[in-house]
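What follows is a pair of complexes built around subunit A, which joins subunit B in one and subunit C in the other.
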Partner chain A sequence: MSAPLLETRNLEIRFGGVIAANDVSLTIESGRNLAIIGPNGAGKTTFLNICTGWLKPTRGQVLFEGKDITPLPPRKIVRRGVARAFQIPQLFTEHTALENLLIAVAAREGLRNPVRDLHTIPERAEMMHLLEMVNCADVADRTVVELSEGQRKLVDIAVALALRPRLLLMDEPTSGVASSQKHRIMEILVEALAQAQVTSVFVEHDMGIVEKYADEVAVWNAGNVQLRGTPAEVLEHPDVIRDVIGEVA
Partner chain B sequence: MNLTIFVLALFDGIAYAALVFIVALGLTLIFGVMRILNVAHGSLYAIGAYATVSLTGAFLAMGFAPVFAFPLMLVSAILVGVLLGGPIEWLLLRRIYDKPEVLQLLVTFAVFMILEDVQRLAWGSQPYFQAAALQALGNVTLFGVTYTVYQLILLPAVALTLLLGLRFFLRRTVIGKLILATTEDREAAQSIGIDADKVFLLTFIVGAALAGLGGALASPTTSILPGMGADMIVLSFAVVATAGLGQIEGAALTALLIGLGRSFAVYVWPETAVLVPYLIMVLVLLVRPEGLFGSPAARKI
Partner chain C sequence: MDTVSSAARPQAPATGAPGLRLLATLLAVAALGAVPFVAPTMQLLVNLALAKGLAVMGVTVLLRAGQVSFGHALYFAVAAYGGAFLMAAMPGADLLLLLVAGVAGATLAGLLVGLFVVRYRGIFFGMLNLAFSMIFWSILEKFYHITGGADGIRLPRPTVLGMELGRGDFELVLFYLSIALMLGLGWFTIRWFASPMGQLFQTIKTNETRLEYLGVSPRRALLSGYLLSALLCGAGGVIMGVAQGVVTPEYAWWIRSGEMVFIAVLGGSGSVQGAFIGALIYEFVRTYASAFAGDVWQMLLGGFLLVIILFAPRGVIGIVEAIGRRTARSEDTR
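On to the complex of A and B.
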């Protein structure tokens, strides 16, 4: 049997007296979109930060495709194939949308040809295609400060996809976006992920989004996975209705 | 002031501004990208000058033509960048990026003090002079004034080439864009796989090499002696602060302003010549504390 795409073993991390990850063991299989839900402070973002190397656990391991990536710095984990999109898009605001993707490709490829003009790199057409996939081709030459919040979210996802990840971890991909736009953004996102064959894990507070776009849901509580299953199973579970959905509503 | 004096002051100012700008360029590049004010920059300038004089002297003694002084200037600059700049960033600065600015200043000041003594140990305290490069290019007469081609044409040409080259390098090339991206947001850069440590190391080596190149280019025009590094760091800081920290194009203009101000003062009111660059800086900073071209929340480079 092949190794799961991502596996965590007994992850533990403490901030002062607070245990933000409490013996988290979980596997993520290829090709499925996993939503992480749970009350504020349950350790959802901490989990993403550990998996991408931004936080180092006091105990436990993170394995990507069977290999231990726990001690690696974030940039090396990205190069292995685990990308991250943050709650607030981390784009280079003084550059255009397209340049943000080109910079990501240049970072991915390392310094293959460091003094060539950024706009002449061979992946330019591929990056334009990525912008098309996220419906942002028309704003390719606009600087990030000129983009709407929704467009920034989508460009941020495109930047993550430019890194050719096999797993993309997203922190509230639709937060900060007008509610009328949320489903449109998720549809574009899920379609783009399917096309690029990228598995995703996303933290989400909007249960409507979770129900519609997740293949699986993991419920976080007090630093660990309380429950896991299909959206239908999880969202109707009385504990989840009491602890999570009740709070959100 | 008659025309000859005016032209002479103009040429002096341009030649001086070109040299100061080359050194200031390295200082402002390092500050723009790494947010570190490198006091040791002055020592790197002095060591660039000493290395050029020693290497040129050795090659001339072996029978090489004086024109070999030019490639040796480049070699000296690269040696300063790689052999001194590299270890300073790698062994010291890397540990203090997240520390208070006062500590960063103290550390680079300590490096400056150490390197000043290293110069005395290696080259002693007697002055050196090596004008082979200056003589190799000869003189030119313009508006009735005979001036060295080296100072009137070569130095400004190198300064202008470096200004345009660095602009192109940062704004267009792959590595330049990665440097700008890291400057803008170090975390975001790391999250897309940019090795920020390498970017900082490269930036510091380039900045240090520019200081070394400044010294190398200055060496045929002046006596090389202890203390020249201290004079230059203060002056190039005046240029960088007047322009606004991290402002590359601005530094070119303020270098010209300060260079011309100083050279005209030499002819008109010599007692104030040393003071003029700082007077310009103080006047500008009184009116615009962020510098002529800086803005309080401006881009860093």
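On to the complex of A and C.
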């Protein structure tokens, strides 16, 4: 029996009086895309912060492919195959969209040649393809400050994908993206993730998206997983309709 | 405004501009190269400006990562003293050996200090560098049995490829070596800025969180540029020491460090060409204005910097480039 892709055991963290993670135990199986839903302030982003080593839990463990990664800094967890896209995009704002991806690939490949122009690396075509995938090829040469909020979110996801992770964590990937584009982007994204055998965890407020693209759903409430199951099971549940869907709608 | 429109232009630099830039560079280098024959009285002045320009280029590297060091004269001094000690230990040592040893010493010092200071950013980074340079300055002052104290130590004329040259010939060699270093190290630094490693280094300025989430240690990325900056300051220090024939604690003094930052901003923050243009302007104004009237040069340079910061924040090189673009555009439409 192989270990789950990611497993958390009894995670706990507090900020002053707020318990942002209250005994969170969760397993993520390879190949099963998990959506995390729940009201604002429930601790969803905090969970991603702990899983990637940005925050250290006061109690509990995070295991990636069966190995304890709790004490590792984010960069070491990233190098093991966990990439992240952020609720607020984290990009190099003075660089272009394409350059953000080229820099990511330089990091992934550990490129060292001190006099080779980053723009001439062979992975450039691969990165242009990624930008096409997230519908941003036309703004490849725009600096980040010139992009719309939605475009920044998409480039941020592309940057994470450029790292060729095995697990991709996305915090509200389609917020800020025009609603006409949301489904198209998710369609392409989920398809590409399946092809590259990347498992994803995404925090999402749009229940239409959750229903269509998640294999499983975990409902967060007050720092813990209140409920977990298939989209059909979870989205029908009266507690969820009352606490989550009611609030978001 | 200008940055937005130029960045929005997708990968289509104004036609003629790269050629124009090359031409301008060639003309400038040719003019510099002609100084010993056309204006021999200015040769030493220009040589000292080139030495400073090399060091300023080091400060410029850090500006690209949004960091300012107020202590980089440390590396300037380490290299110069390294050269002087080497000459004392090996009389008649070769100029190239001196250069390599001085630069290696500065880079090593950069590694030792760098490992510590790359943990800090902004004002703390700037002040910690200052602190290290002040410690080194006081060591140079106090341990005068070894360092010669405030008087410094002599740096006698080295040999060149095994030859003992007379003063005039040696100064000529040093002058062209300085130009060669400007071209070689300038070329390398410009290429490095565009390289994967240089690009990772420059992301320190905008987003260390993302850098960490690319699997890269921001400290290590900063250290790579820090080492380059120490190396460049070291090259400048050796040239300065050899040109002056004596090295003093003043090389490590904080005013020197401040001067480097001043020149970097004057010439154009983050620009390699600007570092040298700034250094030349600085030395000329200082020399000729102080011959004119004492203390007037500080006022002139201060006023000049004020105007630059207010009206041309990209420095002298920014002005030059703007003129170049205009020229290229008017030629296009012709």
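Heads up, the rule we're going with is that the second predicted complex is superposed on the first by the 246 of 249 C-alpha atoms of A that agree within 3 Å, B and C clash if a C-alpha of one lies under 4 Å from a C-alpha of the other, contacts with A are read in each partner's own complex, and residues count from 1 in each chain.
Please note the rule applied: a contact is a pair of C-beta atoms (placed from the backbone, for glycine too) under 8 Å apart; a residue touches a chain by one contact, two chains touch by 3 or more.
Fair warning: this is a prediction, and the values are worked out from it, not measured in the lab.
The superposition on subunit A brings subunit B into a clash with subunit C. By the touch criterion stated above, A:71 is placed in contact with neither subunit B nor subunit C.
Judged by the touch definition given at the top, the superposed model places A:84 against both subunit B and subunit C. Of the two partner chains placed by the overlay, subunit B and subunit C both lie in contact with A:103. Subunit A is touched at more residues by one of its partners, and among subunit B and subunit C that partner is C. With both structures placed on the common chain, the touch criterion links A:114 to subunit B and to subunit C.
When the two structures are aligned on the shared chain, A:208 is found in touch with neither subunit B nor subunit C. 52, 73-76, 78-79, 84, 90-95, 99, 102-104, 106-108, 111, 113-119, 121, 159, 163 are the residues of subunit A that lie in the contact sets of both subunit B and subunit C, per the superposition on chain A. Taken in their complex, subunit A has these residues touching subunit C: 52, 73-76, 78-79, 83-84, 90-96, 99, 102-104, 106-108, 111-119, 121, 140-143, 145-146, 159-160, 163.
Here subunit C touches subunit A in the complex through residues 4, 7-8, 10-11, 188, 191-192, 194-200, 203, 205-207, 209-217, going by the rule given at the top. The touching residues of subunit A, when paired with subunit B in their complex, are 52, 73-76, 78-79, 84, 86, 90-95, 99, 102-104, 106-108, 111, 113-119, 121, 159, 163.
Every residue of subunit B that touches subunit A in the complex is listed here, in rising order: 169, 172-178, 180-181, 184-185, 187-196, 299.
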